[in-house]
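Quick one: this structure, given as structure tokens, is what I'll be asking you about.
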């Protein structure tokens, strides 16, 4: 294991100490470093909370800030935070308008968020949930409820965050977040494993000339493992799977998130995006918004994912809205 | 000496014993969860029961069974927020409710304990029997204990019947395909393997039976 | 070599095609993809050009945009662009107020920028040069002119870009850029090698438990190679070298750039920054601005660098100013 | 057949020969630059001279020596903007100026060629003799050629003396410590190694001598 750390056990808390020192725009509640909340509470606004394991920066906590989220419960590396932590975040960010939970479709997170929602309910806090399940590779069409949530959750955050910033109601913010969820698809590919600090060795092994299409961001098995193909062929395989279950038509607009898993250089993401963009052009689909970089990582894993949000008028408006968080800044045109 | 009922002091002993159990089985559970999961089960279960046993000892028997079980649930929820950690916490929190006001649990009381434990986990996890989860051993545990209690069995006989049923049910998980959690991604590869969470369930009941029998 | 690419030879141009597709705020001049310029020329403003090899994204070209740079000549991976390309960029961005070149202290770049400046001079374009040499590890104190330019060039860009945006003259922008240069120090550490696409194998080898303190961003040798130490000890060694040649005093303010070299997860950068911040606190020095992430990379190299700019009043003002580039956005408070 | 002077057609041949030389020495120069540099020298020099030779062939002898050298310089500057590429380009651009209006270069003309080549590179690179660079062979080349020309030597004798001097000077770079470019970072480690750029310089002059001798 070749990492900058002092002790695998204190990895997450020391990371958080660094985050609080660097970003005064976020702080923590309940005396627990892992209950991260925005320092700037907006009275009357719907609160948006997320949470999940560490090791995916900037997901999840990195998107707490103006125009995005209000709080994040932070778990150990690839481990769910506790229901209690989620509940503490919920209490802190509720401003009377209720709280929306947005998180990824993983059993551990679901049961904890469910438990937190029950606790919040006892306090009279209205809670809604939208559970990201954008990973096309993780289950067949028709079984979407079994799909994992990966990088595409960014679009749900962006949509819901902008809707809440506009002052919309909990039900309306939830409706829009859910719409973004339903219209987002992601395909990923991994070239190398990550190493969980407390485990200390690679989560999986993969040949020096192999790739795994569809691997999850914790190293969950993908669809196929084969010889690394040229970048364009890799993109084609991923785009074909996305196209197979979407109905993009000539004249439609999309937002694209070209995400690196941690170890892949930015240069390569642009080579991949070049092809993504060509494939969409061929269909007559316009890329209205695009973000390229690291958004949902898997520690030092080399690999990438393509997330596409099928826009409509209101999604376009919300995705275009400004955002200002420690890890993500968007300046509206 | 075989116990006829489980009182608060016995529960403190039981958690101490569970703690030892998971310390011993740590590596085995890590390896088992590692086959079609993320290898954390041994770590989370040993952490969870170490913390719970300590919390119960600190609290002492005077607070009563219900309070001890509530403490166990809350402690586990905090220290092990993984799938199994949170489900286990939920189980104890629900069991705590049926123990409310009781000085000690006899066979009927223990049957109610495990029914509540099972129902809590079923509600929380939304899995069905046959989905290759912990629930596949919790269900026969609850069913067997209720039948035994209804038939007037002693606590120790009821528990050993339940433990046997659990072990058979665990064996039966081998032929199932995982539908939930990290294992679900491995699909066919999970066939032939016993479920990790169900293994924990079988351990829990066998150890409870042993403690009652004074083994 | 495990990279997303189609052909090592077309690596840079395909990356650029991706960049132009993603970011309409930048375009190219002279019909040459490698002559990248801002799409929004500001008449009368001092133009700022940079340039250097590819493989360091977002350095160099990523900082072309509002409040930062106006153009960048783009070389092959770790290769200088040509004097002709620099000259074409210069011609395009000159708005009558002259052009400042800001680039790193590497022989290949220097001789090409010198040649470009001569060509521009023949056209009557006033050119000044500020050559970044922040890498403390690359030569001893007293021999600063031999030091390489690394991530700290970001502070020169930020300062000069803000000064030019304020409408200051070429001489004044140059003075401020040079001040930022003189007050910036960087120390780096590498954990693994990068792979240059056209070479196809690791630039250097390093043991699985080793680190190299002071390694350059092309794999140039550092000061010492030893067993990877705990994160705090690694930071201490780097900070001690920076402190040895700066005169930070109680009450002083600094800007910090905690930079990842490409393969190191963001989580680890925060663990490192935690210690950086503690070391500065001990001296009574306040971190007024901080950026953490990937700013000057070396493809997939694992490693990090710490750059510190010793602020004064005018540098503080310029560093704090807003910026909006494809790869770097700063929203002033 | 030994040449007495180098005319435009001879320069086209010479660049063709240089192109072959660097194609052959590609791997050797990659390895040499790799020891204390970035391994690109073999790639850049083979690219540079391939492009230059092609450009000269396309242009043809009719344009004259000066124009051919200018084309060589501009082509190399474009195709190989590395340190050696740009220095080499600068060398040919400066040499082009002294060849202005000349039909052919005799020993005196070739001495002027190499003096201009050396001066251009010295100005552009700001290195001094003894800094372990290309300049350490360019300087004896220019000096030897001037002395030979002043003494009335034939072009071929002058060039073979210069090539010999260059090779000795190259050998002498082994004992120097690099002060410039990527090698400078390696400090003491550069001692014992011949300089990569100086190696290119020695190659250029030896091949020019061979072409003149008709080898």
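In order of appearance the chains are A, B, C and D, and numbering begins at 1 in each one.
Operating definition for what follows: contacts are C-beta pairs under 8 Å (C-beta built on N, C-alpha and C of every residue); 3 or more make two chains touch, one makes a residue touch a chain.
Just so it is clear, the model here is predicted, and its values are computed rather than measured.
Between subunit A and subunit D, the least number of touch steps comes to 2. Subunit D has its Cα centroid 34 Å from the Cα centroid of subunit C.
Here the CA centre of subunit B is 57 Å from the CA centre of subunit C.
Put simply, the C-alpha centre of subunit B and that of subunit D have 82 angstrom between them.
Per-chain Cα centroids separate subunit A from subunit C by 29 Å. Taken chain by chain, the contacts run in an open path, each chain touching the next and the two ends left apart. Of all possible chain pairs, those that touch are A-B, A-C, C-D.
Listing the residues of subunit C that touch subunit D in their complex gives 75, 78-85, 106-108, 111-112, 114-115, 138, 146, 148, 198-199, 203, 216, 218-221. Put simply, subunit D touches subunit C in their complex at residues 38-40, 43-44, 77-78, 81-83, 86-87, 90, 124-125, 180-182, 184-186, 189. Per the touch definition, subunit A reaches subunit C in the complex via residues 2-7, 11-12, 14-19, 21-22, 54-55, 57-58, 191-192, 208-209, 228, 230-232, 234, 258, 262-274, 277, 287, 290, 292-294, 297, 299-300, 302, 304, 324, 327, 329-331.
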